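Worksheet: one structure, shown below.
The letters A, B, C, D and E name the chains in turn, as written, and every chain counts its residues from 1.
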Amino acid sequence: MENFLQQLLNGLSLGGIYALIALGYTMVYGVLKLINFAHGDLFTIGAYVGFTLLVSVGITDSVDPMAALIIMGATVMLFVATLGVGLERAAYRPLRHSPRLSAVVSALGASIFFQNAVMLIYGARFHVYPQGLFTKSTLSLFGLYLPLVKVFVLMVSLVVMTLLYFFIQKTLTGAAIRAVAIDHNAARLVGINVDKVVTIVFVVGPALGGLAGLMVGLLYGQITFTMGWLYGLKAFTAAILGGIGNIPGAMLGGIILGIIESMASAYLSIAWKDAVTFVVLILILTIRPTGILGERIAEKV
Amino acid sequence: MILLAVQRITKTFGGLVAVNNVSFEVESGSIVGLIGPNGAGKTTVFNIITGIYRPDKGEIVFNGQSITLKKSHEIVKQGIARTFQTIRLFSQLSVLENVLSGFHCRTKSWVFGAIFRFPWERREERQKVEEAMKLLHFVGIERYYNLPASSLSYGNQRLLEIARALATSPQLLILDEPAGGMNEKESAELIELIRRIRDRGITVLLIEHDMNVVMDICEKVVVLEYGSKIAEGTPEEIKRNPRVIEAYLGTDGEER
Amino acid sequence: MLLKVEGLVVKYGHIEALHGIDLHVEEGEVVTILGANGAGKSTTLLTISGLIRPEKGSISFNHKPIHKLQPHEIVRLGIAQVPEGRRLFGTLTVRENLLLGAITQKDKQGVARMEDRIYNLFPILKERSSQLAGTLSGGEQQMLAIGRALMSRPKLLLLDEPSLGLAPLLVKSIFETLEEINRNEGVTVLLVEQNARAALSIAHRGYVMETGRIVLSEEAKSLLVNPDVKKAYLGGH
Amino acid sequence: MKRPVSFNPLWVFFIVIFALPPLLDPYWVDVLNNVGLYAILGISLNLIVGHTGLFNLGHAAFYAIGAYTSAILNTKYHMPILSILPLSGFTAGLFAFMVMRPIIHLRGDYLCIVTIGVGEIVRIALVNNIFGITGGSNGIFGIARPELFGYVIRSPHQFFYLIWIFLIITVVVFKRLEHSRVGRAFNCIRDDEIAAQGCGINVASYKLTAFVIGATWAGMTGNIFATKMTIISPESFSFWESVIMFTIVILGGAGSIEGTIIGAFLIIGLPEIFRDLSSARMLVFGLAMVIMMILRPRGLIPPKLRSYNVRSILERDYSV
Amino acid sequence: NGANEVKIGLMGPMTGKWASEGQEMKQVLDLLVEDVNAKGGVNGMKVNLVVEDDGGDPRTAALAAQKLVTQKVIAVIGTYGSAVTEASQGIFNEAKVIQIANGSTAIRLTEKKLPYFFRTCPRDDEQAKVAVQTIRKLGFKNIAILHDNTTYAKGLAEEAKGLLEKEAGGVKIVFFDALTPGEQDYTAILTKLKSASPDMVFFTGYYPEAGLLLKQKKEMKWDVPFIGGDATNNPDLVKIAGKEAAVGFYFLSAPLPKDLPSGEAKTLLEAFSKKYGNPPNSIYAVLAGDGFRVIIKAIETTKSTDPDKLADYLHKELKDFPGFTGSIAFDEKGDRVGEVYRVYKVDEKGQFILQP
C-alpha cells in the first residue's frame, strides 16, 4: 500500500511536468493545428537559459533565492517567448496557407536547428545546475517522500492551467484565440488581427515550455541539448491523451501519463514501461477516439 | 411500386430530436421533394437513408429490403446515390477522375490487377473512361474533364457531383439542395436536367428551398417541421396547406 | 462617395478572376451585384475587405485608399462583411460571436448598446445568447452573421448571398431586415445575391457581372425590366 | 488509354544514375545506395501519407519487422537471404494488418500518435529481446550477403545495382497502383472520406490496404537493408527513422513518386555533402529543411493531375 | 604531398547523443597529432588526421567508414559505441584498414577474429569479472542489477549476473531490469528497487543516469551502496549527483590519467588542460589517444604503412608499450592484454579515489 501511494506520488509529480509542457503544446496546436515539434527544444532552451543565469551570471549571489527564482522565471519566459515568436515568423507563418504536413516538416527542421544550436553554443556535455539552492526540503508524510519542489511544480502546473483556462474561455482575447482556431479568414473578416493572436499564442506556449525547462533544471539538476526530444514526445502524447487542443485535457493527459509510467514501472516492467504506456494510450483512443476530454466531432454532413 | 420506404425513423443528437417518427414512401420512377424550415431535419433524414447516421428507431426499406444497418458504402452498391448540401468533391482529382471514382462500386479491379495490368482490367478501365465522358456530356461539363475539380465554378461543381452520383448507377438519386446558390435561369436548367435523369429511369428524392424547382418537378412533396412530418401531398395540396404556409412558405410563398 | 473601386484586377495563382472592375457606392444606398456563378462577385467583396490582395487597381473608402490595409484595419474604418456561407464561429456561443464582431470597438458601453440593438432587431438571438452558434438553425445563423457584422457599427455592410440555403419565409424576413437596417440605422449596403428578384426589390442601384467584368450598371427598377437581365437571371418565371 | 508510363522523364534520370557508379568511389556509391533504400521506403510511405492522407510517423516499425524476419530466418535457419524477401514483406504486411485494424478509424493527429506508439512498441520489444530471438539491443549480426546466380554481392558498387533495380521495380509497381481504381480510391479517401463512402468505397478497408501495401514494401526493403549492413539493431529503427521517411515524402511532394526520390536525395544526400561542416552539419541541415519547405510549400515536385487521353472519345457524338 | 604524409582516420560521434565523447576524442587526437608533427612527423612523414562523424548511429557509421576508406587512411581510431563499431568493422576489414576502437567493449567485436581490428579498451567480460570480485570482497549478499538496455550496459549486466549465479556463495540477485536512458525522473524505479531490499545496487549504465539515480536516492533518504560500471567514470557524475549524494559510490574503470604513474599521462593531462582549459572528462578520449600512439609506434618501428605488417607487429611484437592508461599489448584477437580495471570510490570532496 505504501509502495502504491509512493508510486502514485511519483507519477503525479512527473505528470505535473508533462502537463506543463503539454499545455504549451496544446495551446499552439489549438490555434494553428500544428504539431510544433520544436516545442521540446524551446523547453531545452529554457533549461539552458536558466543554467546561464545561475552559473554564468550567478544570480543567486546577489539576490535571495526567492527573488532569484522569480527573476529567473521571468527572464526565461521572456527569452523563450521571444524565440517562439521569431520561430513562428520565420518558419511557420510563411506556411500558414500551405498543406498542414508541410508545416510539420518545417517544425521538425526547426527542432533539429535549435537542438544543434544549443549543442554548438553550450557544447555537447551535460550541464549541471548548482545543487541545493531550492531543493532542500522534502515532505515526509507517513513514510512517503515528496520533495517540496515537486509539489511546487505541480502547483505551478495547476495554476497555469487554471489561468489559461480562464484566459481562453472567459476573456474576449480568449474568444478571439478560439475564433482564429475555428476559421482564420472569418476571424479576419470580423476585424481580428490574426497575426497578433498567433503572436500571443506563440508568446504563451513557448513561455510555458521554457518555464517547464527551468523547472526540470531546478528539479533534476542535469540538462543536455537532446533532452527536449523525449519530453516533447511525452508532452505530445499527453496532449493527445487528454484531447488535443483542450487545455484541461492537456493537464489531465500529463498527469495520467505520469501515473501510467510510474505504475507500469512499479507493477510491470521498467524496461517495458514506455511500451506499456503506448498500449494504454492506444486502448484509451480506441474507446475514446478524440482523447479523454476531446470533443467528439461528429462531422455534420 | 414502392422503391423506398422510410418507416417511423427517429434520430436524436444529445437532447435534440432532429428527426421524430418520420415515415414516407417514394414511388419508383417519381420525383419527390422534401421541404421544411431550416433545421427541420431534412438533411438528417438523407443521412440516415444513406447510412451516414444510424437511426435511433425505425427502419429504411429499399426495394423491399431493409438497409437500416448497412454501411454507407454498401448502400451505394444497393443503388442509392446522393449529393451533399455543402459540395463534397475530390478536390485534388480531375473532373474526369471524380466521375471515375463514382464507378468504384461497379468495378472490380484490385491491387494485383492494378500492378499486373491484365487485359480485362485495361478493358474495364477504358470502358469506364468512356462512360465517364458520356456522363460529363450528359450534365454538360465534358469540356472541363482535365481540370482539377476545385477549379470549377460553384454551379459546375454541383453538376459534377450529380455526374459522380450517376456513375454509381443508382436506382434512387438523392439531391440535397441542388439549386442552392443558383440563379433562376440556372435553376431552370437544373430542372431540365433532373427531368432527363428521371427519364433514364432513375427515381429522384430532393431537398430544396427554391419553391420554383419543387413545385415545378415534384410529383409528391413531404414537409418536415421540427423533425416531424407535418404534411405530404402533391405540390398543389402543399401550396394550399395552411400549416405549411405558416411554418414554411409564408403568405406570398408562390412569389419566391 | 463612400466606396470607390477602380480598375480592380485580381488573380488566383495564374488565373485572372477579375479583369478590371469599376464600381462605386454612395452613402445611404443599397447597391446589389448580380451575376452568374463564378462571375467574381465574392472575389470582389473579399478584395474590398482586404482578404485578397488586388493585382492592380484601387479601392477607396471615404476618399482614403484601403487596398493596402489589413482586413482588421478595414473593419476598423467601418466596412463589415457577412461572408458567403456565414462563416460563424460554430463552437462559440451566440454572444461570443456578437462580441467578437465588436472586437475593433474600444468603447465598452457602445458595444453593450449595440448588443441590445441587435437583440431588438433579432429577438431570437437574445433567447439563444448562450447557445453554440453551430447548433442554430440556418435562418438563425444568418441573423447572427448579420448581427455579428453590425456589431462593428459599420458604415458599409457587404453581404454575400445572405439568402443561400434559407427557407422562403426566412429569405423574406432577411430582406425586410436589410431594408430596415438601411432605412433606420443609415447603414450603406452592398449586396451580392443570386436571388435577383428579391435583391432588386430592395436595392436602389445594381451592377451585373459576367466572368470578371461589370457589364451593366443601372437603377434597380430598370434592371428589373431589362430584357437581358430577365433572360439571364430571372428565368422564365 | 492513359499516357504510357515510359514517357516519364524519370526514366532518363534512371539511365543517368545507372551510368554513374563506375565513375564514383565506393563512398559516394554507398551514399547512392542509402538514397536508393530511402527512396524505396519513401515511396512505400508515400502511398500511406501522400496518397491516402494518413499521418504515419511509425513506418520504421514495418521496416524493422521485415529486417528482423530476414535476419532471424537467415542466421537461424540459413535460408538464402534474398529468398526471404517475399516472406519479410508478408510478415510486415501481416503485422500492419493486425495492429492497424482496430485503430484505423482514428483521425489525423490521433492516428499519428498511435503510429508513433506502434513504432516505439516494436522498438522496445526488439530492445527487450522479445521471444528471445531479436538479440536485444545487440541486434543480430552475421547476416549473409545476398547471392544472385552464384554471384555474391558484397561491395557498394554491386549493391548499387541490387538496390536501384529494386527501386525501379518499386516505381513501376507504385506508378501502376497510382493509376488504377485502387489508387483513385486512396486519393478519394484523402480528399473526402464521406464522399468516398458515397462512391461505394469501403474507407476502413482501403485505409488498411494502403497500410498493408506500404508495410509490405517497407518490410522487403528491410530485407535488403539487413543484408547490406549484415548487422541490424533496434537503433536503426528508431522514431527518428520514421521521421526521416516522413520528411522525405513531404519535402519531395506528398503524393508524388518523382518528388519522393528527390526527397531521398536531399534528406540522405545533403547531410553527406555538409559533412565538412563537421559538428555544425545538422544545424545547417535543420535550417535547410525549413527553408526548402518555405520555398516549396507543396514539396519539390508536387503531384501532377493524372491525365487521360480521351481525344478519340471527345470527337464522337453522344446523343444519348 | 601523398608520399610525404600519412593519413590516420578518426571516426567518432561528433553529433548526436554521444557528441561530447566524439568531440573530446578529437581534442585529444588533435593535440597528439600536433605533437607528432612538431617533432618532425613519423618516419619523416607528416600525420594528417581525417575526422569523420558517425553520429553515434550504425548507418551513418557505415558511410563514414566508406568515406575514410576512399580517403586512403591507413588506420582508423574509433569508435565509441559497440553497435556503431560493428557497422564499420566489415568495411575496414575488407579494405585492409587497421581499426583501433577506443570505447567499444562488446565481447563479440573481437570474437570474429578480424585481422585488422584492435581495441584499447577492455572487454565487458573482464569488467564483469572485476565487478564480481569487488562485490564478493565487499561482502554483499542481495544484489540488484540495473542496466539501461544499451548493448554495452546490458552485456555487462548479463555477464555479471551469470558469474554471480554460477559462483553460488550465497549471493542472490533480487532485482534485474532496465531503465530508459535520457529520462530524468527515476523515482519510480528507485521506489521499486527499494521494495526489493537489496544491500547493493550494481548499475551498469552511463554516468548521466547514474548521477540522477544517486541524487534521487539521496533525496528519498535511501541508504544503499551503488556500484557502477566504467561508463559511470566521468567527473560530471559528481556534479549531477551532488557531492553529498555521490560520496561512497564505487565504480570500475580503467585507471584515470591522474592515477597513472607514467609521465606520458601527466604530460597529456597538462597539455590538454593548457589547450582546452580543463582536463579530459572521458577515459575513452584518452583511450583513443592510446590507440593513436600505438599505431604511430607501429609505423615507426616497422618503417612501413603496409597494413599486414602493421597488424602483424601489433599482434605479436608490441609489448609493454607505455600507454596513458597503462602498458599496452594485444592478443591474437586484437584485444588488449592485461588487467586494466581498477576500483574507484568517490570521497567527500567528490574526488575519485583509487581503491587498493
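Note that in this section a contact is a pair of C-beta atoms (placed from the backbone, for glycine too) under 8 Å apart; a residue touches a chain by one contact, two chains touch by 3 or more.
Everything numeric in this text was worked out from a predicted model, so none of it was measured.
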| item | value |
| --- | --- |
| Chain whose average C-alpha position is farthest from subunit D's own | C |
| Longest centre-to-centre distance from subunit A, chain (CA-based) | B |
| Averaged-CA centre spacing for the pair subunit D and subunit A, given as whole angstrom | 32 |
| Where subunit B and subunit D are represented by their mean Cα positions, the distance between them in whole Å | 40 |
| CA centroid of subunit A to CA centroid of subunit C, Å | 43 |
| CA centroid of subunit C to CA centroid of subunit E, Å | 74 |
| Set of subunit E residues in contact with two or more other chains | 15, 19, 23, 149, 178 |
| Subunit B residues counted as touching two or more neighbouring chains | 52, 84-85 |
| Per-residue multi-chain contacts in subunit D, two or more chains | 127-128, 194, 279, 282 |
| Subunit D contact footprint on subunit B (complex, rising order) | 50-52, 71-74, 76-77, 81-82, 84, 88-94, 96-97, 100-107, 109-111, 113-115, 117, 121-122, 125-126, 129-130, 133-134, 137-138, 142, 145-148, 164-165, 167-168 |
| Touching residues (chain side subunit A, partner subunit C) in the complex | 172, 175-176, 178-179, 182-183, 185-194, 295, 300 |
| Complex contact set, residues of subunit D against subunit B | 1-2, 173, 176-177, 179-185, 187-188, 190-192, 194-203, 209, 213, 255, 303, 305-308, 310, 313-314, 318, 320 |
| Residues of subunit D touching subunit A in the complex | 49, 55, 102-103, 105-107, 109-110, 112-114, 116-118, 120-121, 124-125, 127-128, 194, 239, 243, 246-247, 250-251, 254, 279-280, 282-283, 285-290, 293-294, 297-299 |
| Contacting residues of subunit B [partner subunit C, same complex] | 16, 36-39, 85-86, 151, 153-156, 177, 180-188, 209, 211-212, 247-250, 252-253, 256 |
